[in-house]
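Common to both upcoming complexes is subunit A, partnered first by subunit B, then by subunit C.
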Partner chain A sequence: MSKSCIIFLLVFMTAFSAGAQKYITKTGHIKFYSDGQLEKIEAHNRQVNSVLDFSTGGFVFKVLMKSFEFEKALMQEHFNENYVESDKYPAATFVGKVTNIKDVNLLKDGMYDANVEGKMTMHGVTKDLTEKGTFEVKQGKIIGKAKFNIVVADYKITIPGNVGNNISKTIEITVDITLDKANM
Partner chain B sequence: MKTWIKILLGLVVVGIIALLLVYKFVYNKQHPDYENLEPAFTVTAQDLYQAYKTNKEAASAKYNGKIIALTGKLSKMETADSLVTAVFVFNQGDFGDEGLRCTMLKKFNDAADKLQPDGEVKLKGYCTGYNETDVVLEKCSIINQ
Partner chain C sequence: MKNNILFLLAFAGAMCVSTARGQDDLLSMIEKGEKPTVDYTTATFKSTHIVIGQSIETAPAGNLNFLITHHFGALNTGYENLYGLKQASIRLGVEYGVTRWLGIGVGINTDQNTWDGSAKVKLLRQCKGAKNMPLTLDIYGNTAIYTTKWTDPSRKNYFSSRVTYALQLMAARKFGNSLSLQITPSYVHKNMVHDSKDKNDIFTLGAGGRIKISQRVSVNAEYNYLFKGQVVSTKAYNSFSLGVDIETGGHVFQIFLTNSYGEYEQPILTDTRGKWSNGDIFLGFNINRMFTIVKPRVPKD
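Showing the complex of A and B:
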């Protein structure tokens, strides 16, 4: 193969891989976990929307608060009515970027670090969020994972005094999403 | 036995029973029996989606957290892990298909798997809201015609 041919191929492949490539899921999983003095509280949401624009690194999450499921019905009620006030603030969002998206090679299966920064909005409060996670490229899919803590008071979520000790002030969030290439 | 001891014992017993009842019915109360709840609204899948699409705030106030019975032409069934979802597609956007996503109660997974795309179906579920692309219903059951 001539040199120019190879260069053309390389340019073509780069251009192709840099095109608008969106990876999406509508069934992402977010877990939150609080290790209080009296008991552990855990909730799962398996209806998480997320889109990753591979060409820019743009990364968005949309989470419906009422989709969080608790083991105890009472906790679920308190969570929705008293803490996150899901009637008033139905969704939490994250809008940001994977700053090192260029390091992720979609053509090579493997684990990659992902540095994510952006703004998270929950309970009507928007805060900057910078976290590290991982992307695993596997057979054309991207499996994103991250674990981080948030301070509930940062989002103006107040927990009444009598149960305050039972719920930890920070909540551990675990994100697990499998992004598929969007057919568009 | 002295009267005041009897009264005290009686109060203790009543107290213990009250605690047990609170534990059972308040602290440890069961999740709603979604399959047998009466729907607050009966709508078509298309109308429900349009309501959110045209006025998210009004539709959220009306439908979020409510049990909704709906009829519509099923677009497809999706399975992810143990989650079976009935999908009604009405639009195309950044996330691809947009419409209604109804995840089934586990006991309806097998029956839901047999639902045919393009067929009319009648479902009932708990509406958790609209995420700018889809209206999400959970704990869905199939209503027999």
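Showing the complex of A and C:
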């Protein structure tokens, strides 16, 4: 009995210590770009939070909407006030996993494909999101990159008729993060 | 054998726990590491003016607001005057955001060819989060000089006689997303007044606000109380204006009814000639167009 107890404990500890193999960033970069007929809208957020749990593939993002910086102050105000309603919905999150995390070899620098799936929540609406990106392992860091489109209407963000032509109905999101091994 | 089964069970159990914990835990890990940020209130009002008087808003840093203010004549002037459409008073102004807390402006008004120059300073900014401030507090000052021909032969034409000043303190709070209120005590100094019974230093108390009725439309109102016994030689009423703000991307349109014909602080506060109950009111509009002069330094990739 005592032997099984020890095994039991060992297994538990293994599971948890494996869970501690986490990679983290607080300064990730997300760009959004929309190419409307009259106006190109581009915004950068350089305070993106992300954690990758290498042992499980668990992958999360948290982005404060008010940290998006626009070229025009008025665009930024309208983005927060009229479109994403930052006071009501301050952050966008992604909770999901890298389904093929086992293919990524941390000991070997190089490019790896990453299949990411999970749920993205923005403007109070949660949608499934499945995208492909890349992980580049480089000197102990993981550089994650992805580019994909989202349809703003999916997140109940409405574009009024009179500015409908100025603003594209899909937005291109570019993710660029450098994950460092978390110290814990 | 028994041990093996236990081992498997424990392993499966541990895996379940660690994956279920996994993703939500990761999010809470982010949240644990987050420093509380200061969340500044934005867009208490959509324009630098609530209706015709100043709001606590300034042009954003590096932005130039071109403001066209237009008043038609009084509505009660009848069909012959097309209910005021035949008359117009116009002010053209530009307002520039020097920094986030300093706005400067200059304008020309067709009423007595009056030039005005102004500055607005944000002393406090409403915010919550890491810092808490219940309201935004601004101080605004202007100097106005009328430049039409001197018409009073009994008095000497001193330049200083043409100059007036206004000083306002504005305290505003945005309650939630759709209601904003402002209180505005004001002080006006006129170097020369019509009559010796009139005061050169005039104090007023104003209040204004807006209610958003949709994401881009709000109803705004503004009232200014002129304390009695300060303006005696002419009949000056308290100013009341009611307007609608319509926002369309780069423009804010403000359409309003008011009993003030003036388009800058001094006549609005101390020389409102119209009376609402007589229909002595004016239809007017402001057009705000914002231009980005200095782009914020957003590093490109």
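Following the convention adopted for this analysis, the second predicted complex is superposed on the first by the 165 of 184 C-alpha atoms of A that agree within 3 Å, B and C clash if a C-alpha of one lies under 4 Å from a C-alpha of the other, contacts with A are read in each partner's own complex, and residues count from 1 in each chain.
Assume a contact is a pair of C-beta atoms (placed from the backbone, for glycine too) under 8 Å apart; a residue touches a chain by one contact, two chains touch by 3 or more.
Keep in mind that this is a model prediction, so the values were computed, not measured.
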{"item": "Which superposed partner A:Asn49 touches (first subunit B, second subunit C, both, neither)", "value": "both"}
{"item": "Per-residue contact with subunit A, leading partner among subunit C and subunit B", "value": "C"}
{"item": "Contacts of A:Asn183 with subunit B and subunit C, given as first, second, both or neither", "value": "first"}
{"item": "Partner chain(s) touched by A:Glu117 [first = subunit B, second = subunit C, both, neither]", "value": "neither"}
{"item": "Contacts of A:Lys26 with subunit B and subunit C, given as first, second, both or neither", "value": "both"}
{"item": "Contacts of A:Lys72 with subunit B and subunit C, given as first, second, both or neither", "value": "both"}
{"item": "Partner chain(s) touched by A:Asn82 [first = subunit B, second = subunit C, both, neither]", "value": "second"}
{"item": "First (subunit B), second (subunit C), both or neither touched by A:Glu172", "value": "neither"}
{"item": "Shared contact residues on subunit A - subunit B and subunit C", "value": "22, 24, 26, 46, 49, 51, 62, 64, 66, 72-74, 80, 87, 90"}
{"item": "Contact set on subunit A toward subunit B in their complex", "value": "22, 24, 26-27, 46-47, 49, 51, 62-67, 72-74, 76, 80, 86-87, 90-91, 182-184"}
{"item": "Subunit A to subunit C touching residues, read off their complex", "value": "3-4, 7-8, 11-12, 14-16, 18-19, 22, 24, 26, 29, 31, 44, 46, 49-51, 53, 55-56, 58-60, 62, 64, 66, 69-74, 77-78, 80-82, 85, 87-88, 90, 93, 95-97, 118, 158, 160, 162-163, 166, 176"}
{"item": "Residues of subunit B that touch subunit A when the two form their complex", "value": "26-32, 60-61, 64-65, 78, 80-81, 83, 85, 94-96, 101, 103, 126, 128-134, 136, 138"}
{"item": "Subunit C - residues contacting subunit A, complex", "value": "2-3, 6-7, 10-11, 14-15, 17-19, 21-27, 29-31, 33-34, 37, 39, 42-43, 60-63, 97, 176-177, 215-216, 247-250, 290, 292, 295-296, 298-299, 301"}
